[in-house]
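Next come the structures, one after another.
Paired with chain B in one complex and with chain C in the other, chain A is shared by the two complexes that follow.
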Partner chain A sequence: MTALLALVRKELLSLFALPTAYLTLTMVALVTALIFFDHLRIYNQTLFLYATTTMGGFSTDEIPDYINLWDAVFFPVMETLGLTLIGAVPLVTMRVFAEERSRGTDELLVTTGLTPTTIVVGKFAVTFLFVTLMMGVSFVYPATAIARGGLGIEHLAAVFVGLTLYSIALASIGLVCSAFASSQLVAAVSAWAVAFVFWDFAWVYPFVSEGVAGFLDAISLHLRYGSFAEGIVSLSNIVYFGGVVLVAVAAARFSFDLRRVGA
Partner chain B sequence: MSETRGHAANEPRPRGVRVEARDLTRRFGEHVALDGLSLAIEPGEAFGLLGANGAGKTTFIRMVTGCLLPSDGTVTVDGVSPSASPSAVQALLGFVMETCRLYPELRVRSFLRFIGGARGLAGARLATAVDRAIERFRLEGAATRPIGNLSKGFQQRVSLAQAFLHDPPLVIVDEPTGGLDPLQQTEVQEILRELRGRRTLILCTHDLHEAESLASRVAVLRQGRLVAVGNAKDVLSEGEALDLFRDSAEVGA
Partner chain C sequence: MRGLALTGVIALSFGLGSFYATGHFGVFSAVNLALGSLALLAATVAGVRRIRRIGGPHSRPVILRGALLIVAAFALALVLEQSATRSRIQFDWTGEGRFELSPATLKACGEFDGELTAALYRSEGDPRTRRTRLLLQRLAQFCPLVVRELLLDESPEDEDRYAIGSSNSVVFAIGDRFETVERPTEGAIYEALYRLRSVSNGVVTVLRGEGQGDPERQDDLGYSGLAVALGTEGYRLQVAVSAAITEIPDDSDAVLLISPRRRMRDSTIDALRRYLAKGGRLVALLEPGVESGVESLLAEYGLEALPSVLVDPASGAVEDAAEGLNIVAYNYAEHPASAGLNQNRMTFFPGVRPIAARATRPGDRVMGVVWSSPHAWATDDLSVLEQRSGRVERRDEPQGYRYIMAAGRYPRDGVETRIVVFGDADFASNRYLRALYDLDILINSVHWVVQRESQITLRPKIRDTVQFPLPMQDTLRTLYGVGLLVPELLLIAGGVVWMRRRAA
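So, the complex of A and B:
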């Protein structure tokens, strides 16, 4: 445990010593804020126009159900946040393993007696902590929409759990790419590619059978993420995101064995 | 891969440990980096490993440290195989890598605290070990500075400090003076001279004078093969090592 804590402390120091961490946090917060306030502005304008043009005066008492905060603000913000995290998380994960290799410090780490499992667990833990912080910085916007929409604490909790699991799954994909990539650039590009492919398979459906489409639905990040957005916390979704993390940890651990073999 | 630790990280071993290689071979595809190397390095010995770039020195070291698996043959440290129990072997050794592979963004004290923690040191023992290392390697003035802002000579001192932090019975130093100016080279050599004797020291270098002044025994590698081994003064004074070294360089090994 001492060794793991030492590694976690070192990873945190390294992470926050670099501008990338602050830039990525700022970028995600800004993009989400812009999208939130832009959609809120459009929603308010729609309300105003509807009230003034159809009812002859400013009153929102008879606004139809299809003009609501939920569809006008919350869903677009969640969608944008999901895509923004796909763009931002690889910027954080790309350096985690690939930079150690490019500097040659991977062997320093190993020869200090840290086991590969400790290294992988420590690096994953710190990255998860950071992406949760990144998500948390932006969570205020969907949370505001939920609160103003009167959806309650359960829905808020479901969205928070979903966003956290989704961010961690994205980080896991990025970390695996970093563990096998020859450079940070390759790690980032491959993480973006994998995450975008897994985001939504709808574009493939015209070319595949119904069975294959069903399978692709089951592994789609977008659908799992979307069900949390609707306030549904299902066991299958938790297992899915947990599975992504476990496979990633095992794969990153395996990358150490490959290097010992000299592959 | 076993991940159990063998000896305690700071278990005192005043006489060092024995390192033995038997028919050690490492291939990378068709290329044979190390070819049937057999040698024994005795406890407490300062042993120089000589050879041109590509002769197989670093490959040998990477197998001793458990970072690379042999294709054939065995290597043991204190009777333990790094292939089977890498963490047990890594607990016994300190490793100074070629060209100061450190974390430039970390401050010297934070870096040493990290290495100590990774070695299992905590609390007062960690603080004492870090303070002692800073004093021993004359890093007082640099302790709060980022490693990346230090000169190469100071970075090499930091690299040495982390290797000796837990007072290991085996220290492996790969090209300790590569890229340093003459003054920095002398400083690093003086530090190594002070620290040898109480542990096994493997010095990997292509500097014949450095090997002669620091090692009691040397081995010369050429194209992955052991071509000479013996008392440092005997091997190096005869000029054979230089010839072997030169031949090695000429064939581009």
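So, the complex of A and C:
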């Protein structure tokens, strides 16, 4: 346990000693703030437009039901952020294993007495802490705006939980890619590609049976985290993201076995 | 091998990217997806060969153990996910309980014997279908419902057959019967399911002609909403002109009397008396300030509609009336008609006359069902009903619980008469029927008087979508104060770290 904590401490220090971490935090927080503000602005303007044309105020039935905070703000923000995070999270994960491997310090790490499982768990934990912080920082503005308006804070919490779990799943994919790659660039590019493939399997449906399509639906990231945008926090979706982490930890652990036998 | 794999995933992601960007497969997508898949396949084969070459007698168990660990992790994740799905545990954080299905909807859905199907007809990219899909999936978790999705463009025959007007329509079908729901909210789905069940609960006779509420009038003052709701619940409404009748029709399972505005004829009151004496059922909605003559008949059954107006300061000023005149009730007795209602499930009664309930014969069971708060009092000054604001001054009237609705069972001569009296009628008008739990207390009262207690339930509420603007100036201030400031500080921190590293 002490060894694991020491590893976590070392990883955290090395992560925040790099400008990349701050750049990623900045990028995600800025993109979230701008996307959220832009959708909020359009939503407000549309509402005012309807209120003016109908002259009935905001409580009339004249405003179409699809113009509401969820459909006009939360859902599109989450969709856009989902794709943005596919680009941003691999920037954080690319160096975690690949850097040590390219420098040869991974072997030094093994000689400290840490088991491969401990190393993998430690590095995953630090990365998860970072992406949670990243989501927390990026949600300060939407949460403040919504809370000040006195609207939908529970719903926003569901969106936050969904995006955080989704980011953790993306980080897991990125870490596996980093564990198998010897270069950071290869790790990042392969993480982007794998995450993009797992984003949604809708493109395959015309070519496969209904059963296969159902299975692909069940493993696609987009559908899983989409229900959070609707305000639904379901145990099965939480477990799904936990499952992605579990498989990723096992796969990253496997990369150490392959190294051991010289593959 | 790695180069091949990298090329494969890049080609695959560009193929997918072009598909998502354009919405269809072009030559670019197809070629990229094909080449990407082939490259990945080749890389996998090369990888497996390499591992087999490496795999000596000592390394094979290591590789095997690692691979098995991945398979085990995948299997465990699958089992856990399936268990979680079966547990149906989910939390609705919409703030308005949008996906929390009401007991009435679940009950309606669970009562079908055959296979019930729900076909969601949609156009590509219609955002409203997301919510409908979730609603149907939630419903399918609790009852044997088969959910299908169909594109409108690909189903022109169904469009005509089921009279589908637009995307995001759901057709519920069982056997050869079907119901089409154009705007599939939970309330609309519930009503469609009820119609599809085609259950007949009996005939309700509505007395008309002496200023009573009109079940065909569709404006705020009418009661057409009540008529539709009773129809949905399986009741056939028949109108009887009270001035012309000598007897209540024999096929009446219940009589509904909505706020007569004039004194009813003695012959009508006598007809009602004879009807009740032979085990009839009556739901009477009586307004304050009107003495129609039915009050004396009700008093014979221990239900006295007092000639005063109830003032309940606990309700405060609601709508366009003096404080306490429009009553928000939250105290209920244990009674089938108020089943499920509690302090959080309130009912709204604008302008109430208090009801006194006391059994007049042994064996009668008479009780108040909906009560005011203990601070309520009754005033004989009916002019307060015209008061649009301010407070109604209490002189020396005593405060205490008062009945807003009362019910009685009268088992006499081998038959059982049942009566429900409300000290208000407006709560059932189109304007207020869907407010809070007004519809539920009224329809459940009808179910109770006709002895269809199994039909008593709480119906889905209309959900208001959040359609209020956030003040723009405030939003802008928050953007500057938090939205831009936080990234700016992070960037400064990153810059400092970068410079310190360079200096080191």
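A few remarks follow.
Assume the second predicted complex is superposed on the first by the 233 of 263 C-alpha atoms of A that agree within 3 Å, B and C clash if a C-alpha of one lies under 4 Å from a C-alpha of the other, contacts with A are read in each partner's own complex, and residues count from 1 in each chain.
Please note the rule applied: a contact is a pair of C-beta atoms (placed from the backbone, for glycine too) under 8 Å apart; a residue touches a chain by one contact, two chains touch by 3 or more.
Remember, it's a predicted structure, so these values are computed and weren't measured experimentally.
Steric overlap between chain B and chain C is absent once the structures are superposed on chain A; the two fit side by side.
Once the two structures are overlaid, the count of chain A residues touched is higher for C than for its counterpart among chain B and chain C.
Touch criterion met: A:Gly242 reaches chain C, while chain B stays clear of it. Once chain A of one complex is fitted onto chain A of the other, the partner contacts of A:Val189 are limited to chain C, with no touch recorded for chain B.
In the superposition on chain A, A:Ala250 makes contact with chain C only, not with chain B. In the superposition on chain A, A:Ser14 contacts chain B only, with no contact to chain C.
In the superposed model, A:Ala3 lies in contact with chain B only, and not with chain C.
Look at A:Val140: by the touch rule set out above, it reaches chain C but stays clear of chain B.
When the two structures are aligned on the shared chain, A:Val110 is found in touch with chain B, with no touch to chain C.
Taking the Cα centre of chain A as vertex, the centres of chain B and chain C in the superposed model span 150°, given to the nearest 10. Once the two complexes are laid over each other on the shared chain, residue contacts for A:Arg260 go to chain B and to chain C alike.
Taking all C-alpha atoms of chain B against all those of chain C in the superposed arrangement, the shortest distance found is 5 Å. Of the residues of chain A, those at positions 17-18, 257, 260-262 touch chain B in one of the two structures and chain C in the other. Contact residues on chain B toward chain A in their complex (touch as defined above): 1, 3, 5, 9, 26, 28, 62, 65-69, 86-87, 90-91, 93, 95, 97-99, 101-103, 105-106, 110-111, 113-122, 146, 162. Of all residues in chain A, only 16-19, 21-23, 25-27, 29-30, 33-34, 36-37, 40-41, 43-44, 47-48, 58, 63, 65-71, 75, 137, 140-141, 144-146, 148-149, 151-155, 157-158, 181, 186, 189-190, 192-194, 196-197, 199-200, 203, 218, 226-227, 230-236, 238-240, 242-244, 246-247, 249-251, 253-254, 257-258, 260-263 touch chain C in the complex they form. On the side of chain A, the complex with chain B involves touching residues 2-3, 5-7, 9-10, 13-14, 17-18, 103-105, 107-117, 257, 259-262. Only residues 2, 5-6, 9-10, 12-13, 16-17, 19-20, 25, 29, 33, 50-51, 54-56, 58-59, 62-63, 65-67, 69-70, 72-74, 76-78, 80-81, 83-85, 87, 89-95, 98-99, 127-128, 130-131, 134, 183, 465-472, 474-475, 478-479, 481-484, 486-487, 490-491, 493-495, 497-498, 501 of chain C touch chain A when the two sit together in their complex.
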